[in-house]
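In what follows, chain A forms one complex with chain B and a second complex with chain C.
After this line comes the complex of A and B, so read on.
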């Protein structure tokens, strides 16, 4: 039987790019897996189970495309299952792998996946199909105009401006310029963002994440295995998940069930993971955060929900003051975040991977000095299904 | 068993066929989840987490879990989905309970038939370069496997016909009233129309709880999970010997070791096996160490696996009676749980102390699972 804690002992990520013509979908999965296995110093015989991370099949163009990745993860004749919670899939997969180990049934579990969003044709056409075919799909909704509506409401409630949104992009691009695995690494100015074409007001081209191709993998192990084999690890000390309503219409209007400006269920998820990790004052206890924010405006309500500020909306003035840049009070998305890299199936896994590297002290040029406790999040569906984690050295 | 907390099944709702057209899919999922909660004597407030499983292509949506979040009670709860297979939702739900971090889990799966053609949807699951053009759907893959089995065991066809007769007889007892009659599926040589059943819409929900919760609530009819195993075959059909089921051998080994099963053929009172075709049931007999292939014909002929036999298999009638394609695996687990709980209805067996559920999904039994359920909790 395993002892209580679950550790991360291996991390693998691709250098994310717009296209990877040199690699098939299983090749990309294998790329992340090979790197994670090398990092863990294990061979495949040590892997007892696999959790496969893949969001909509249609992004790959193959139904149940996880079946094509079985060989790439060394899954033959082993326990294997796939998770899909949309954009949260990556962190949900790490959570599922965590449950495999924390249940006491397994000592070493691999979680892995990949995506080729840059090669899928039009991701927004695929993502329109997440909505109900009769009511909300024909509007037509996509994830960009969905979150543009959130931005408008956030502006109204908390005073966020288009310049504030641009500041998020400027910060994250600067961070990404330090991260060789990030997709968009070119620094930009506030004016560059404001001058970029409007996609769905107030979201402009440079407020948007890219469509990325690449893979990622993590190896998780029980504390007993880590100690017995004298391995180095960082620890998953808090795991949370929560969802809110599917219906966009229920988050808007005059009496929404959950205000679309905010991320109510993300806050609930963070509350669960903080309670599990014994965190009572995140503003003081959290050293670094990787928060899933595919559009610049959504970083604000993610910071609010993680309680890295005193109250909702305080993230806006704090970001203006540089609180969330590397060198600031609590750096947010030092990797450049989802805004600079988005291979959907593994984007939220990369949030966990990056925080693990940070608290391990292995993040390289974008290392946050002295980081020992970090948080990660993932958002899935129509900003509906959320997963969160606390990782400690 | 290595699980920290032993989980048990305390509620089931099996709806292998949904003939009504006056309920939307969301309403069907809601109805099924509520039935399972009622069966468990719980309300949604007692549920700490949810795992669902559905197929985006069958549902005609991307990320089906989104739509299901409301009807299953997922709003403000921790909800996950395992689109790989319905039975995977069960194992993940059980693992979550076993951590001790969740008191309970609601596990739900469904399989609609509104897709214009389920074989077309299944064909999208083949790789676009090599297999999609064949064209390959699940029944074609089952037929390739049946052909391989017939090659490897010449009297397999005779045994397969015996399995069909047995499961159809079981189905007639379990579901006697009209209009619940089976419709033979299409032909893929050597699988004849009589050896399959056309897809129907169905749904299934289960409530799992940890031993502390079960004890505290005074639940007396739990079906305890005493062993779980699941495993996958490789990616491509061409890399497999379809006359064998090594992933099920691996899954059974996990489950049996955890449950302390050393003589599988003698230690179960009932079994439910995913009989998408009778050849699949036969292969499972061998991989589960219930009967070697050399004895398939004799043991099916002598009624060993029929009601009243040494080990009744598929008293529910199995997939050969109802075929809600995607959720047939989870239904097998729920059927065994209900047998142990004494809630199987017309097809209830006498004195069921331990049962075995086997689930298979994907092309030619690609994903394999074996679940051992017991009336007694572990010591």
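After this line comes the complex of A and C, so read on.
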């Protein structure tokens, strides 16, 4: 056992809902933080630095809302840093907290945030603004149609059907029904998904994540601090990241440097985190996965990229066979995942939190039996910034 | 207890400078009804839309290359949902690899019946040949052109 590992010692998450009219934005940040601090059994004096998890300001309608969150995280007189990598923000924040501890500069670091997307009436209008004003903004680009185009290419290459996409929703809703913190917990059938209205073909309403409100927080600590204070922990043993070209049209064409059907940079990120954790055969070594997939189709290329199948596209028949359901070969998104809960600023942090709970054996009704090693991922921007982690008991 | 709300609308005006490269691209569209890409001398890749440097080699792009008007569909979607401040549905748009280009350009697909999205999707299959159509009155913007299925 090396002496420089970084552990997760506290986890806090809200029960995510569409709206939280009882709570202001800092109240929601405070909710996740209080739960994480209680879980860690520490008081705020123990926290030496804060990494604040906050994606685009316009989604909550507060410019630089990290200012408003400083009190909720007990940030006064402490180093404070905001992270924003779009949908990957939450896992990027955990990575930044990890770097703080791994550098040796800090023993205990809090990372936290919240989102209230249910208050934004125009989320795709906000997301249209992530495209450049010169060439792409004049088109009605948004995250839904951008990933619908990924689906179209994935169908072409690997034979994914609309029914296959529906099976992802059916699986994840079943998982979410077991998770009291999930936002969409009602089980649905394949036919329900196929009958739901088309948003951006082939993506239908029930292929889409909700707009969620809630907070999340994690407390990370050095192995020395954990040992000296006789704390319980799970360990972040692999951290990876990879960015991809901005231009979606460069991920297709004659000799693309990446492929828009696949999550090319996500695969590279996983390769880095696996190498760091010493994982050589993910199909045999990974017990559970929480993969950021806000639309049903994107779970397939995420599974492919995590190499939970032998080759690209094999996730489709494997999902049909039940490989990724709780009780299957490698359960994917046992919490219900991003498809059932998406509070963007903390969604990718929730992926890490859920895997930590799984390998800790504390996931409750959606616990994957015997899980000791799990993986988490986050995707941000125009399918462009990826973060991955390996977490072990 | 009674819980209250407060509504706000953000409306912010920006005047974005497009820079030399996009200005050339749009001027050619406006004045000549032609689409130009820019070549990376090291890899010979023609980037469309044009950029002043290649994201692959990180070198400045060098010469302008006229591309299209024919091309093939690389990606598409048919949007059936209304989003605030975005066009009224249904509409089809996506990415086309214009002849002579190495990267795909975004644009609308027009003159396609979108009543049945699945049927329209079959017509817009990846690989389908399209032609660029230019508006008679052009302002020098993305909406000056669109793609139609090749005859």
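In this section, the second predicted complex is superposed on the first by the 388 of 393 C-alpha atoms of A that agree within 3 Å, B and C clash if a C-alpha of one lies under 4 Å from a C-alpha of the other, contacts with A are read in each partner's own complex, and residues count from 1 in each chain.
As a convention for this text, a contact is a pair of C-beta atoms (placed from the backbone, for glycine too) under 8 Å apart; a residue touches a chain by one contact, two chains touch by 3 or more.
Fair warning: this is a prediction, and the values are worked out from it, not measured in the lab.
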item	value
Clash or fit (per the criteria above) of chain B with chain C on chain A	fit
Partner chain(s) touched by A:70 [first = chain B, second = chain C, both, neither]	first
Arrangement angle, chain B at one end, chain C at the other, chain A at the vertex (C-alpha, nearest 10°)	80
Most chain A residues touched (candidates chain B, chain C)	B
First (chain B), second (chain C), both or neither touched by A:278	neither
First (chain B), second (chain C), both or neither touched by A:41	neither
Partner chain in contact with A:364 - chain B first, chain C second, else both or neither	neither
Which superposed partner A:159 touches (first chain B, second chain C, both, neither)	neither
Contacts of A:245 with chain B and chain C, given as first, second, both or neither	both
Touching partner for A:180 - first (chain B), second (chain C), both, neither	neither
A:317 touches, of chain B and chain C: first, second, both or neither?	neither
Smallest distance from any CA atom of chain C to any CA atom of chain B, in Å, after fitting	5
Set intersection of chain A contacts, chain C complex versus chain B complex	58, 61, 133, 245-247, 257
Residues of chain A defined as touching chain C within the complex	21-22, 58, 61, 121-122, 124-125, 128, 133-136, 138-142, 145, 148-150, 152-153, 156, 197-203, 245-250, 252-257, 260
Residue ranges of chain B touching chain A (in the complex, touch as defined)	1-4, 49, 55-57, 60-63, 65-67, 69-70, 74-85, 88, 91-92, 94-96, 98-99, 101, 121-122, 124-128, 228-236, 239, 246-247, 250-251, 254, 362-363, 366-367
In the complex with chain B, residue positions of chain A that touch it	1-2, 26, 52, 55-58, 61-64, 66-71, 75-86, 92, 95-96, 99-100, 102-105, 126-127, 129-130, 132-133, 239-247, 257, 265, 268-269, 272, 276, 380-382, 384-385
Sites on chain C touched by chain A in the complex	3, 5, 8, 10, 14, 16, 18-19, 22, 25, 45, 47-49, 51, 55-56, 74-81, 83-87, 91, 93-95, 97, 101-108, 117-118, 120-121, 125-127, 141-143
